[in-house]
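Labels run A, B, C and D following the written order; every chain starts at residue 1.
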Amino acid sequence: MLGNTSGKAFRVTTSGEAFGPALLGIVEGVPAGVPLVESDIQYELDRRRPGQSTIATPRQESDSVRILSGTLDKITTGAPIGLVIENEWATPERIAAYADEKDIIKPGHATYTYFAKYGIHRDWVADGRANGRETAMRVAAGAIAKKLLASVGVEIVGYTKALGGISAPAMPYETIREHADDSQVRCPDAETAERMLKRALAAKKDGESIGGIVEVIAHNVPVGWGEPVYDKLDANLARALMSIGSVKGVEIGSGFAVAAMVGSENNDLPCVEDDHISFRTNHAGGILGGISTGEDIVVRMAVKPTPTIAKEQETVDMVTKQSVTFRCKTATDSAIVPRMVPIAEAMVALTLIDHAMLASTKVAGKDDKQ
Amino acid sequence: MLGNTSGKAFRVTTSGEAFGPALLGIVEGVPAGVPLVESDIQYELDRRRPGQSTIATPRQESDSVRILSGTLDKITTGAPIGLVIENEWATPERIAAYADEKDIIKPGHATYTYFAKYGIHRDWVADGRANGRETAMRVAAGAIAKKLLASVGVEIVGYTKALGGISAPAMPYETIREHADDSQVRCPDAETAERMLKRALAAKKDGESIGGIVEVIAHNVPVGWGEPVYDKLDANLARALMSIGSVKGVEIGSGFAVAAMVGSENNDLPCVEDDHISFRTNHAGGILGGISTGEDIVVRMAVKPTPTIAKEQETVDMVTKQSVTFRCKTATDSAIVPRMVPIAEAMVALTLIDHAMLASTKVAGKDDKQ
Amino acid sequence: MLGNTSGKAFRVTTSGEAFGPALLGIVEGVPAGVPLVESDIQYELDRRRPGQSTIATPRQESDSVRILSGTLDKITTGAPIGLVIENEWATPERIAAYADEKDIIKPGHATYTYFAKYGIHRDWVADGRANGRETAMRVAAGAIAKKLLASVGVEIVGYTKALGGISAPAMPYETIREHADDSQVRCPDAETAERMLKRALAAKKDGESIGGIVEVIAHNVPVGWGEPVYDKLDANLARALMSIGSVKGVEIGSGFAVAAMVGSENNDLPCVEDDHISFRTNHAGGILGGISTGEDIVVRMAVKPTPTIAKEQETVDMVTKQSVTFRCKTATDSAIVPRMVPIAEAMVALTLIDHAMLASTKVAGKDDKQ
Amino acid sequence: MLGNTSGKAFRVTTSGEAFGPALLGIVEGVPAGVPLVESDIQYELDRRRPGQSTIATPRQESDSVRILSGTLDKITTGAPIGLVIENEWATPERIAAYADEKDIIKPGHATYTYFAKYGIHRDWVADGRANGRETAMRVAAGAIAKKLLASVGVEIVGYTKALGGISAPAMPYETIREHADDSQVRCPDAETAERMLKRALAAKKDGESIGGIVEVIAHNVPVGWGEPVYDKLDANLARALMSIGSVKGVEIGSGFAVAAMVGSENNDLPCVEDDHISFRTNHAGGILGGISTGEDIVVRMAVKPTPTIAKEQETVDMVTKQSVTFRCKTATDSAIVPRMVPIAEAMVALTLIDHAMLASTKVAGKDDKQ
């Protein structure tokens, strides 16, 4: 049961499969009075959209979003925002092409686990809801979250930190913000970007796919967002990022590197400048005790190479339980990581806006402006 | 608001601070008919208990748990289990000792963020609920979860994978299960354990603390646990582990290493033996598409060195905004990682049992035994 | 925040306003393998649809529902069902007609409370989401719930128990089930139905509206559905029915009449027939201690007369705070109660199916069919 | 599963049975900085406490509450409040006295439904958690909610509106507030109170019990509390009151009487005085479209006569399925209604404070005081 809703105060509920008629999203918690039109959302969708680079899937979709509820005269009303994105790529011919291979376990995919969970009536067309297609609606909802965050000064910026074993050097936030989208690999460092692209094209030529690391920075987050114990801000960020298909690890601040540090090295020492408390270093990644410190929130996620590859693989037919070989004939991403950047940003934005709203609750009486 | 409840179908709600009178826990979702007495829970609490090794905090607590509801004649009734653990260490003298330093930001601690969130009326005694003390109740609830999982054959085993920069070699599951608790560092490999202990004692002598990595394995999990999209099993495991104080990274299966792999290397190929489908490798860590594959679930978390160190540190008084120096005089763990093992196991167990129950819902009619 | 989701295990999330482009619904918890096509849902929508009787609003809508996700080849896949119903009546001209009166408090409507809550950017077109239009999506989701309940033998039947002060006599369940929809007032007793219709037409002629009582019976519910304390089955039924606009009271079994009874009169005595336990009377309305008894669940809700009337009323302009008079020019229901019957049935069905699924959770292991 | 938590932003989770060791409660959402000591809560517990009148159960309990977490120096810290009330009446002898009758269905009780749901391992001692004993913790949590509401000027006052068929006349709010607790029947009208008491004593003499109606008024509630559609304020009030054992009906404002009204009679006309909008009448009971209007919120609940009576009743042994007779030997309330008044107040207070907090969420940035 469940699984289709994200958030507690700012909530996103979605439905829709890779080859169904459309993706639906309902976004609750948007306050009244916010200017909102389709193009605000479309900008982010276009960053995730397939078919836009030499290393991504050739699937062609305009990913045009329509707002079906929650606004009046281009301004939000406080009612839930209803969104729909049609699946233009989902023609009957393309659907039919999946029928032959529906009982074959596609290595690295959710084929077998969905079969085990839902039985023969699961959606077997490109793994249905387990396909990355559903992330389009995450990005759409995240675009609204980003807009609200921007209204209180919070920026969310992501980029490709590593691709196919090639890592970007450390860069200042401003460089990242301004150059992240300069190349199709989404690495702000031009020289690294070039090497990454070569690596991706080589993998493509080999019929292979490559993985990588996405880093997202939330800049200008106020101190005090986050809840204690089980709803720590970092806990919910970890959940949000790990809920994206293909993500196998999440870390914050110095992340796994802390395991080899000593206390005095890892502790960020506070300081005061112009009557304002800040920290000299940011090993914590902007979160202490599950609550934002006011420093940049820095999270990274590890993305596995797309399991869909052009090479032949030995596998199993789930129904006959016979060994078979499988070679993918359908659209695929040889380097999915750059397209994961806007998805990761969306999940960070959705988590932050949810905590921003959770942190604001109070007992309001007659004299409070609500 | 919120933050004190874990789970949806198997739910744990806790309260209690480091130096309050007691910790409380309410555990919902335990079916009727399960034998349950305090000693079932006490066993796990004793594994987490302070004061039991040369490298852990000298705080002395018996951590005696009492069951106040939910059982009759030592058998569960289906009603929520109420648990209480008194804080024996919390004497008025020890509480008073924190008063002098209550406005000083303790580097690496939640002092500043709790002050920002809750104001002057936060619990400033050892950071109250931000202190690791609350994890005792997680372990208590986790003991019940482990018992239920065991009844369907699922085992949860954790150990210290790395400590202070020293890593354990790869080991078979059976070795880990049988030798994890052999040493006070909780590393199943005796030679590594000895080196880890030396490293920990050296850090202690230096007035320092060290970090490390805990790995938890869930063995014999049936295929099909986990929900799609936002409630993927790995997403909820990530949240559960990242919600433990001091954890800065979480990974599953091959984790961050997937970032440098190619698709054909990372894909686990399925095979059939005795009419049973399994996988030749387990890079996926037992989860695909957010749902268990039947292979071992393998998760790791990175633990930062305890911020409480005996060295003097430069910091700030939050109220006066003056620079001050701070040296910790209270109890501390120079190597907290071994005590984190039962906590990590508890969080994995709580997440799995929750998903086990979520996965079981169906529409039951008159002829179904419920 | 929130407000747009119903249920915990079987969840319905909706968006959409009276004069927005469309209503959206996402239905989670539907198991895989259930045959489901639009006409299954359309049948119930047609029962609620406006413009079908002399006493209901003349608003014309086909209320055509489309399934946008969650099925493959006309069978559910376990993924959430996405539904959309376009608002055909919502033309720019009709929307514009509301602009003149947007600041006028419409007596008995949510105009003032929505203004207070959401401010000037609320949806002021026929009160947006406060309009009864949103119930179309409740009925659509309820149709799916009814279908699932029917698969385990549970029937949900509603009818008009009272209208404009005229009450139906007591009738056996079979009579109600077979004749509820015989007349446009939805009272199974033909003679009472005729009197009710006359009363409704008289009210219409007067420019007035009338209220009434809807009774819903859930037949063949197994014993054991419902949770303790705060999630009692009757508590959630009360919430579900009271959440329908215009409902001012909810009762179960003997309801308010119990206030004047003595214990021996109100207690239902159990008996055994053919080795099956049942009860000689059903004052409890099929629920004891919040859990179903196996007897018919009988609930009633009181519906206020539609506040939209043709008579002139004295009211206030919220912005100028001047006294004004208001006479409704738009479509209205002089006797809304018969259209409330399918809505009440839907809410009962949604509550029951949710509890049916909650009651079924268990700890499932390797040998259990899930 | 579930059932033990009330609320979304202000959450109460409880455990504990009638004859277990203790009742536990965890109250989340209480802001930091509120003075809170046991006696604040004890005052309300003493109003509910058994053994204090000639018409209530002779069970003797001090119902002494202890605060185990969430405060420091008698002031709340923002951490969850942990509460415990020991069951002093639950001696081994009294528990043993229930063993003989454990398989007998007690008419009007949850015996049979709990047996069906939980099986032979349910708590059969006075029906365990289905016993009214659990309401003590509702009242304790409600006392905290009342205190928070009072801080923003909101008063919650309840009284016995009807008892054993005798109804109180209409009274102004001030009379109710000042005289509700004057008599042991909790009817503010002295003459009616006297007649009610006679009726209750006559029932007691007969070995009978009587039902009645409790009315609760929330005074000075600001306009704008409540959420749309499924989380309407009245929907959640209905759920809260119907979740109290023995309640069979809930109504708001004119309640069931609206069914016989016409629109112009039921509509409350707004007016302006001193630049403040209010309403000339309050048929709506202070809620329109699920959101508070600023008028008094007026709710009533129908309470059935306590099923525990001294008369012999024909019933069934659930295990042997034989007919048996049953006469209650244990403590009982011949007129439970007056003791229901503080419970109803508590549930109204918990619902209002929850909505007060839900209504306050917003997107808060760096310059907002949180």
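Keep this in mind: a contact is a pair of C-beta atoms (placed from the backbone, for glycine too) under 8 Å apart; a residue touches a chain by one contact, two chains touch by 3 or more.
Quick caveat, the model's predicted, so the values are computed rather than measured.
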item: Reference chain B; chain at largest CA-centroid distance; value: C
item: Classification of the chain A:chain B interface as same or different, half of numbers criterion; value: same
item: Centre-of-Cα separation between chain C and chain A, whole angstrom; value: 38
item: Chain A and chain B: spacing of chain centres that average the CA atoms, whole Å; value: 26
item: Whole-Å separation of chain centres (CA-atom averages), chain A against chain D; value: 45
item: Shared-contact residues (touching 2 or more other chains) in chain B; value: 1-5, 9, 14, 29, 79, 117, 129, 224, 228, 357-359, 361, 370
item: Residue ranges of chain D in contact with chain C within the complex; value: 1-6, 8, 14, 105, 107-110, 112-114, 116-117, 127, 129-130, 134, 162, 164-165, 203, 206, 208-213, 223-224, 226-232, 234-243, 245, 248-272, 275, 277, 283-285, 287-294, 302-309, 311, 313-316, 318, 321-323, 358-359, 361
item: List of chain B residues in touch with chain C within their complex; value: 9, 29, 31, 79, 148-149, 151-154, 220, 222, 224, 228, 353, 356-366, 368, 370
item: In the complex, chain A residues that touch chain C; value: 1-5, 9-11, 13-17, 20-24, 26, 28-29, 32-33, 66-70, 72, 75-82, 84, 117-125, 128-129, 357, 370
